[in-house]
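Two complexes come next, and they have one chain in common, chain A, joined by chain B in the first and chain C in the second.
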Partner chain A sequence: MRYLRVWRRYLLISLALVMEYRVNFLVSVLTGLVELGLAVLTFVLMFRFTNDVAGWSRAEVLMLAGVYRVVDALITLQVSPNMHAIPEYVQEGQMDFVLLWPVSSRFTVSVRLMNLPALGNLVSAVALIVYAGNQAGVRWSPGGVAEAAAFMLCGVVLLYCLWFLIVTCSFWLVTLDTISDLFYGVFEAARYPVSFFRGVLRVVLTFAVPVAFATTFPTQSLLGAADTRLLAVGVVLAAAGLVLTQLFWSYAVRHYSSASS
Partner chain B sequence: MRALRIVRRLVLLNVMATLEYRGSFFIYMLNAVIVPLITLMVWLAVSEQGVRLPYSREQLVTYYLTLSVVSIVCSTWLAEYVAEAIRLGKLSSWLLRPAPYILHDIGNNIGEKVVKLPMLLPLVGLAGLLFRGEVHLPSDPARWLLFLACLPVTAAIAFLLDFVLGSLAFWVQDVSGLIRAKSLVGAFLAGEFVPLALFPHEVSGFLDLQPFRYTLSFPIEILTGQLTPARTAQGFAVESAYIVGLWACYRLMWRYGLRSYSAVGA
Partner chain C sequence: MLTTRYEYAIEVEGLSKTYAYHHKEPGLRGSLRSLFRRRILERRAVDGISFRIETGEVVGFLGPNGAGKTTTLKMLSGLLYLTSGHAEVLGHTPSRREPEYLRQIALVMGQKSMLWWDIPAMETLLLHKEMYDLPDKEFRATVRELGEMLDVGHLLGVQVRKLSLGERMKMELLVALVHRPKVLFLDEPTIGLDVVSQQRVREFLSELNRREGTTVLLTSHYMDDVEALCPRVLVIDQGRIHFDGALTELVESTAPEKLVTVVFAQPVPGDELAAALGGVELIPTEDPLRVRLSVPRERVAGVTAGIVRLGGVADLTIQDVPVEEIVRRVFTASGREVAG
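Then we have the complex of A and B:
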């Protein structure tokens, strides 16, 4: 409960920031539209040559592009501003203050910053999902949407864990301030269904670097083609991810040589 | 001549500065290889549907591996910095120096690339090992010469385009949205995701004339060997026109821009 109150306070601060820089919101929505348009165009060009790629039709892949935009918006909203900030805290000694605050340090560094303009991109993303879904002949049901949302939540949590794991290394690699950029190479793979990749790579992208839970499985849920057992796997993986990163974080914090000591 | 000496100095300075952050730059290089590889995998999946693409499997592999290298050689990141220098008045200290501001960015651009390339090439080599026997580089020395001649011109176009864009900050308050939009659209029209040869035939006239082809795609097209001599010559003509045009733009913008420049210290 107390954590929820703290998070609400962070939210209000971010809201004040958005109000201050209103043009940013507009710019974010417009560039979001450009990104969405280019993703659609890429798939349209790709499907000029064939009607299906690895079992995916054009409409289905466009749905996935919409799902990717939703995940991207969620990550930009709550995860990425914080992941970029963590190496800075360590470098500039701000971790001192974080450790002094009477809430879990991992909680603070993970949720303090929010990039609210990203919310604007949810509208166009959902519009694309609905439009492409109708083309793909999706029969919308509350169950399917809930299942998709659950998969997506697991996916976002897993991506956060992976990213958090990477940036936690900055306690040792202090000068590596771009360490968080490593994540983007991985996230790029989430733009496509995992079945586009073969062999070991597909297994890696499903379980080790779990982009499949973020985009492929939610899209399949909406299409009514998801393996529900995987949802249980996702929940277990997400829970394990949260616990493991917590352990690693506590271990790493003990190695923190603050700015003043 | 004096400008050359200054650039040489600035390049050395930037090489030192970049080496200081070598770890960070190594991560950039990893991404510069991984992202094209992912796109390559996707196109290979398409080609395995048994459809006839205008590109063979080998050409796709060669295209995307070459793209890793060319995209770094021709990369720019300066628009944001130019805009910031103008907006915050960092430019003022340069106006006192007996050298034009653009040399500062030229030095930075070349200096960073001198460090980046030796990190990148082994990574591309590793990626090449994954596709042993499927990378088809031309054996014809003439084509390599054309490619090598084309690279610096292409890098210069990408550089000038960014510089001109950032210079808009003389008149426009916030150009960051514009810069972001340009980098998205520019990457797309430069063939980063879809090789330009895979676009519909009807738009090829437009694709050949738009500037972004000459910020990345054109040298790769020369090397992967799908251009007729006539189209190669035409490409070089368009490239030269862009260099001249962008240079003129830069000179004009800075002549009038500096007059209206009113940041701190001006």
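Then we have the complex of A and C:
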């Protein structure tokens, strides 16, 4: 409960910051829309000459693009601003305050910043899913939507854990910018269904990098073609990821040397 | 008096902190070499210090840069793990950072801000309200009280970046104290502030200590801070404590002389003056009418009487050696135990 109230406060602070920079907000929302347009265009062009790729029709791939953008928006909203900031806290000594609040330090560093303009992307991405879903002849059901949402949540949590694991290394390393870029590069692969990839790469993208949980499986849920057992796997993986990263974080914090003032 | 689980607010025994760092030779070759074969060196920032601080005491940490003051403060607040030794604050082991412990302490650093730059300080206060789980009524009463004491109550709704440096530091204190900590660690709280703001911060801290009985451990470069606030000082250099005791005791043991300044109405013949001084050394000044003397404590009365007997004295002041000078002496006598 207290953690929820703390999160709410951070949300209100982010809102206050948005109000402070309204133009910035508008530009971000517009950029999001342009990006969405370009993404749709890519797929439209891809399917100009063929009706399906690896068993996915045009409308289905468009849906997947929508799901990818929902996950991307959630990550941009809550995960990436914080992951970028963590090495900074360590370098500049802001971690001092984080560690001295009577709230889990891992929680604070993970939720402190929110990129609210990403909410615009979230809305447009949902619109894209609905549009493409109707084209693909999806029969919407609360169960399917809930299952898709659960898959996406697992995917987001897993992606967060992976990123958090990397960023936690900043207690030992000085700069991590390039590693964050690598993370983005791999996540980009999630725009395409995992079945576009073959062999080892597919296994890696599904489990090592939980891209399939974030995008392929939720789309299949909406299409009524998902393997429900995979959801159990996803939940177990996400829980394990959270525990593992917590252990690593606690260990890393012991190595904090607190940049001198 | 209430019985508490701990006897002292802060108890430190043989506290040490060693930092490991890599030695890197300059240039490309050095970089490559250190990539493959690293020389790991150690630096003892704090080297086996021990002291005890009672509840409600205000203690000043004096020492040059790199003496180990900030490192000690960070170990006591729980930010850094100790390399060896034992530390207990309010009956807790700081490095465990138990929430009950963290609720009772605060760390304020003059060079780091926990305020959000672009929004009013009130937002940060409300965040702290949730973090420390403060009841609404209590929170509002505390904010009002501290806001009045610090004279920043009217600035709570102003964006932090629009505040002056002094106002921001006071705001920083307000935010840090909103959960009413029992122990306050201050690292250079007045750094960079103008004289008036420094004065205000000092007055606030001493009032806080008087009203709430807050135990305060502070480091500062400004002797005025220490003189105004701390009856007791710890002098630390190269990770070791060189003096632990009352400021007055430090002054007496390290500076057995007083500074006497005399201004004459008209010039006094040199031989008459020398006779009156009886061997006490003169510190030359540019003004021929002004005479400065460094007089051993026990001879101050005799020497000043002799000077007055010469006649024509316009002004006479007797001062202690400035604390800056005393601390400099402690450090130049490095390695030698000065007192305590």
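To be clear about the criterion, the second predicted complex is superposed on the first by the 254 of 261 C-alpha atoms of A that agree within 3 Å, B and C clash if a C-alpha of one lies under 4 Å from a C-alpha of the other, contacts with A are read in each partner's own complex, and residues count from 1 in each chain.
The rule is short, and it goes like this: contacts are C-beta pairs under 8 Å (C-beta built on N, C-alpha and C of every residue); 3 or more make two chains touch, one makes a residue touch a chain.
Please read these numbers as outputs of a predicted model, since none were measured by experiment.
Participant: On the A-aligned overlay, A:Thr42 touches which partner chain: chain B = first, chain C = second, or both, or neither?
Facilitator: first
Participant: Touching A:Tyr10, do we find chain B (first), chain C (second), both, or neither?
Facilitator: A:Tyr10 contacts chain C only, not chain B.
Participant: Who does A:Leu173 touch here: chain B (first), chain C (second), both, or neither?
Facilitator: After superposing on A, A:Leu173 lies in contact with chain B but is clear of chain C.
Participant: Mind working out whether A:Asp227 is in touch with chain B, chain C, both or neither, as first, second, both or neither?
Facilitator: Neither partner.
Participant: Examine A:Val27 and indicate which partner it touches, taking first as chain B and second as chain C; both and neither are also allowed.
Facilitator: first
Participant: So, does A:Leu99 touch the first partner chain B, the second partner chain C, both, or neither?
Facilitator: Only chain C is touched by A:Leu99; chain B is not.
Participant: On chain A, which partner touches more residues: chain B or chain C?
Facilitator: It is B that touches the greater number of chain A residues.
Participant: Considering the complex alone, what residue numbers of chain C touch chain A?
Facilitator: It is residues 19, 70, 74, 77-81, 97, 99-100, 102-103, 105-107, 109-112, 114, 116, 118-119, 123, 126-127, 130-133, 159, 187-188 of chain C that touch chain A.
Participant: Quick one: which bits of chain A touch chain C in the complex? Just the residue numbers, please.
Facilitator: Against chain C, chain A makes touches at 2, 5-6, 8-10, 12-13, 16-17, 20-21, 93-94, 96-97, 99-103, 254, 256-258, 260-261.
Participant: In their complex, what parts of chain B are in touch with chain A?
Facilitator: 21, 23-24, 27-28, 30-31, 34-35, 38, 41-43, 45-46, 49, 51-53, 174, 176-177, 180-181, 184-185, 188, 193-194, 198-200
Participant: Which residues of chain A touch chain B in the complex?
Facilitator: It comes out as residues 23, 27, 30-31, 34-35, 38, 41-42, 45-46, 48-50, 52-54, 173, 175-179, 181-182, 184-186, 188-189, 192, 196-198, 201.
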